[in-house]
Amino acid sequence: MYKIWAIFRKDLIIEFRTKDSLTSMLFFGIVVLVIFNFALGSLHETIRSAVPGVLWVAFTFSGTLGLNRLFAAEKENGCLQGLLMIPADRGAIYLGKMLASFIFMLIAEAVIFIIGLVLFNLTVWAEIPYLLLVFVIGTLGFSAVGTLLSAIAVNTRLREVLLPLMLFPVILPILISAVEATDIILNAADYRALKLPLTIMTAFTILFGTISCLLFERVLEE
Amino acid sequence: MIEVRNLAKHFGRFSALRNLNLTVSDGDFISLFGKNGAGKTTLLRILAGLSRPSSGELYIKPSRQAPSRFIRGRIGYLSHDTSLYMDLTALENLRFYARLMDVPANAPALSERMKQVGLSGRERDPVRSFSRGMQQRLAIARAFLHDPDILLLDEPFTGLDSSGGDFFKDYLASARAGGKTCIMAIHDFRLGYEIADRLVVINGGTIALDIPKSSLNYEQFHEKLKHLLA
Amino acid sequence: MSEKSQPRMDIVLGLILFVGMPVALYMALIGAPTEKTMGDLQRIFYFHVPAAITGLTAFALNFVASLMYLLRKNRWWDSLALGSAELGILFFGMVLITGPIWAKPVWLVWWTWSPRLTASFILCLLYAAYLLIRKSFEDPDRKAVIAAVFGVIAFIDAPLVWFSIRWWRDIHPSPMLETGGLAPSMRPALGICVAAFLILFLYLLRRRFYLETMRNKVEWMMRRIDEV
Amino acid sequence: MYKIWAIFRKDLIIEFRTKDSLTSMLFFGIVVLVIFNFALGSLHETIRSAVPGVLWVAFTFSGTLGLNRLFAAEKENGCLQGLLMIPADRGAIYLGKMLASFIFMLIAEAVIFIIGLVLFNLTVWAEIPYLLLVFVIGTLGFSAVGTLLSAIAVNTRLREVLLPLMLFPVILPILISAVEATDIILNAADYRALKLPLTIMTAFTILFGTISCLLFERVLEE
Amino acid sequence: MIEVRNLAKHFGRFSALRNLNLTVSDGDFISLFGKNGAGKTTLLRILAGLSRPSSGELYIKPSRQAPSRFIRGRIGYLSHDTSLYMDLTALENLRFYARLMDVPANAPALSERMKQVGLSGRERDPVRSFSRGMQQRLAIARAFLHDPDILLLDEPFTGLDSSGGDFFKDYLASARAGGKTCIMAIHDFRLGYEIADRLVVINGGTIALDIPKSSLNYEQFHEKLKHLLA
């Protein structure tokens, strides 16, 4: 348990020192927003219906970037090799890394979301708890699969290509549900419709979390 | 005890190791010699459980298979890479690995380690700013934090200055006195002969010579090795 | 070497195909009745649907083989997984080609993001990624493990993709085979085409398998040559 | 001159072998398109007016990615250091790298554009020469500045953040003109209006190219 | 001729070099000794023009400033890093650098180079698959493709096996006979003494000893160095 924590903490310290992942995650996310805004400049009245999609594009981009970096950092000096030699369940490495990517993504999402609000002129005080729920579940699912897949990708030559290539199709159900749920929250008032996408997201997250945790041991090994 | 039977490792059509047999008893101190590209690193990585053999059997007491979680805690592997995080300080690196290896991770204990490898005063500098030899020193401190029973060393003296080399020789001597097992890949004939009590030469991916040190004096050994690796 | 390059089973399958394919073609292009509204255009149906069925079968086979590999660690399963993934992409590629060809005149667009089309596209992407993973590992054992892991995830993902996009209205017709809406006169042609495609799949799979074993053997022999 | 060519050729060989930059450039570009398409799914009639913006977002993203990789590859084993020691004008390094990024971007853009056509249901046979002109000039400007800035960014710790952070503001005039020009070509028939954006793009490209070539020597050096 | 006057290099508040003076005549063969972190690499990088001194003057004949384009063509620098592209084959690496260094880049000439460093037969393998020693051999071939007048060597024997070491010693001997200048950072006292004709020790970022080899025999030198670096 505290090993999970140790791995998480280490990523946090490195991040705190270099500000590498978070800044680039934020930056890409914000750029997506800004350019979307710019591209949709002429369609101001319809913008609200595009916001959920735009937000999740931004989240996905920044998340993929973050995941890539989180494992690339382990490669630099053969650090992953050091990790593989520790006398601990490799599940601990998985959970530690997943926790780190989850937290980083949530932070990035929060900032991106706030900037999105400003850019798109939205006010959403009442909806925040619901949005939070959707963001947390969606991000959890994302980092559950993402961590496994980036552990696969990091050992290949095509690392930076392979991660999105594997991740996006796999993550699509959760992404679509998340966009749908966000859309319902922002644009429709009928919160009962939330049930379906939220169920799908949750089922997906649990399913992939379990599978990933089980398969992780097989995957980590050079 | 480590036993390797009929080990082979192929990279595509290229065989890095083939038909390799080796039995290492507890307490053996082995120097592993071989030309560049002979397969020393490949063998050590397989022994450390970091690479899967293409065929053959690997047996590390007490488990009859690739090193499991329990075995991993008994192995200390010092590779060509340092396994250090460049953006953490020296102390943070040690603390991180200490936590993962179930070793006391308090600052005094770790500073003591730093002092042993001659890095005291640089605890709070990021590893990125260390010179090559300083990184190697820290890598040594890291790899043996958990006082492993089996030492797998891949050219451990690389980049060390004379005092660093002396320290590490002392460390190995005390490990030997403590009954540890050690396999060390090394190019320096004299140093390798001096440290080991068993001399193994790997050539063309298989064991070409495997003798106790007592059977040859240095000059004879040097002659023989020159001849083998010509 | 004792093995013949054409095991008897393959010869039999080859012969069946040699006869069956022209029959299937005849049934599809001439034998089957012409559809009322779409005319001869509808005959794409006899390629589109069998290809889809065969492709899905192949992916399912890949899933089974991947799972078995993870459990048994037998290279045989890995070869099976590889072969079925490649052929799955091949047949599904046919779906993705015949579909748009059909769609352009019928729906007036090549492509829309309707649920089934999206799901098909994603499925193809997943297995393209699967093959890419296989290409980017050199150590055969590692490759097999990683590919099996991804094979499992990919197939579990497929139904999820399917359901998660259900709430869009779908321009793609719902499968009349299930609802029994297919005209009885079209059934024999479809049946024969499906059978022909499945046999073709089996045949190609066996050949692929054979190729893989040959490759391993050649590599082994090359190593022996190097050693001497 | 042939040194420029040697540097370019080397990047080409590496690319051919690893397919690293191009695949990831393409992938990100296509993903931008696809997700835009999703996000704008409900606005089918207005989509055509958003296409130029969307295209250039995709180009910019994939280009930034490509630039980052092109210089990161030089860092791996201290290769940049090897390059710095060659007895040649450092302008040659600049031009070689610029050529490589320019060609990679053009290839990526061509593919992204074609996929964009399919996704957005456009037919543009007659407009292709004009579009090509706009793409070439825009890309030239992009890689002229981009190469300089990524040479700066690669030596910093915050590499992947710094590049877009510096590049996007600098590139904005070119980007806006390019979107403008593409919009005119795709949506308005009056090609005379092309003159202004094209002039701006060309002026910026020449300006940036000259300045970058002059400053490059100062920048490369660790 | 290389002349360094009052050189200092600071990293933040830390001085890696300070008050360093050194004059190297054409044809000097210098072994540079020093503890880990003494500043050897820092000095070599500055001499190679890869790093700017914080203060002081650097003068490499005939230009009174940091190495210009002309000077760069006369320097061969072998660093801790190999400067090789992992995804290119050995031959492609050499060909690339040969083109940039205005050296004949035809396959036979380059294969000859590969053969010299004992890598013939591996020309078409990607460098990523090379063992450490093989990479070092290729790095040597690369660094001296253009037959430079001034050799700056940073622990060049790292990872080389005995035959690789012998080859490189021969190479240095012939370079010396050809009147080249060489500054080599090295930890092995014996080897450094053997190769050089001038012995320089750097300590605490400044020159602590600078004597011709003829002034001390090996035992005296060893004593002195042990004492200096203690």
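Here the chain labels run A, B, C, D and E in written order, and each chain numbers its own residues starting at 1.
Note that in this section contacts are C-beta pairs under 8 Å (C-beta built on N, C-alpha and C of every residue); 3 or more make two chains touch, one makes a residue touch a chain.
Predicted model only: the values in this text are computed from it and were never measured.
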Where subunit B and subunit C overlap in contact partners, by chain label: A
Chains contacting each of subunit A and subunit C, listed by label: B, D
Per Cα centroids, the chain farthest from subunit E: C
Approximate Å spacing (C-alpha centroids) for the pair subunit D, subunit E: 39
Intercentroid distance (Cα basis), subunit E paired with subunit A, Å: 47
Chain centre separation in whole Å, for subunit E relative to subunit C (CA means): 59
Multi-chain contact residues (two or more partners), subunit B: 11, 51-52, 80, 87
In subunit A, residues with contacts to at least two other chains: 18, 157-158, 161, 165, 168, 176, 221-222
Sites on subunit C at which at least two other chains make contact: 142
Touching pairs - complete list by chain label: A-B, A-C, A-D, B-C, B-E, C-D, D-E
Touching residues (chain side subunit C, partner subunit A) in the complex: 70, 122, 125-126, 128-129, 132-133, 136-137, 142, 145-146, 149-150, 152-154, 156-157, 160-161, 163-165, 167
Of all residues in subunit A, those that touch subunit C in their complex: 145, 148-149, 152, 155-158, 161-162, 165-166, 168-170, 172-174, 176-177, 180, 196, 200, 204, 207-208, 211, 215, 218-219, 221-222
Of subunit D, residues touching subunit C in the complex: 37-38, 41, 118-119, 121
Parts of subunit D lying in touch with subunit A, wherever the complex brings them together: 18-20, 23-24, 27-28, 31-32, 35-36, 38-43, 46, 49-50, 52-54, 57, 60-61, 69, 157-158, 160-161, 164-165, 168, 179
For the subunit D and subunit E complex, residues of the former touching the latter: 2-3, 6-7, 9-10, 13-14, 17-18, 73, 76-79, 81-89, 221-222
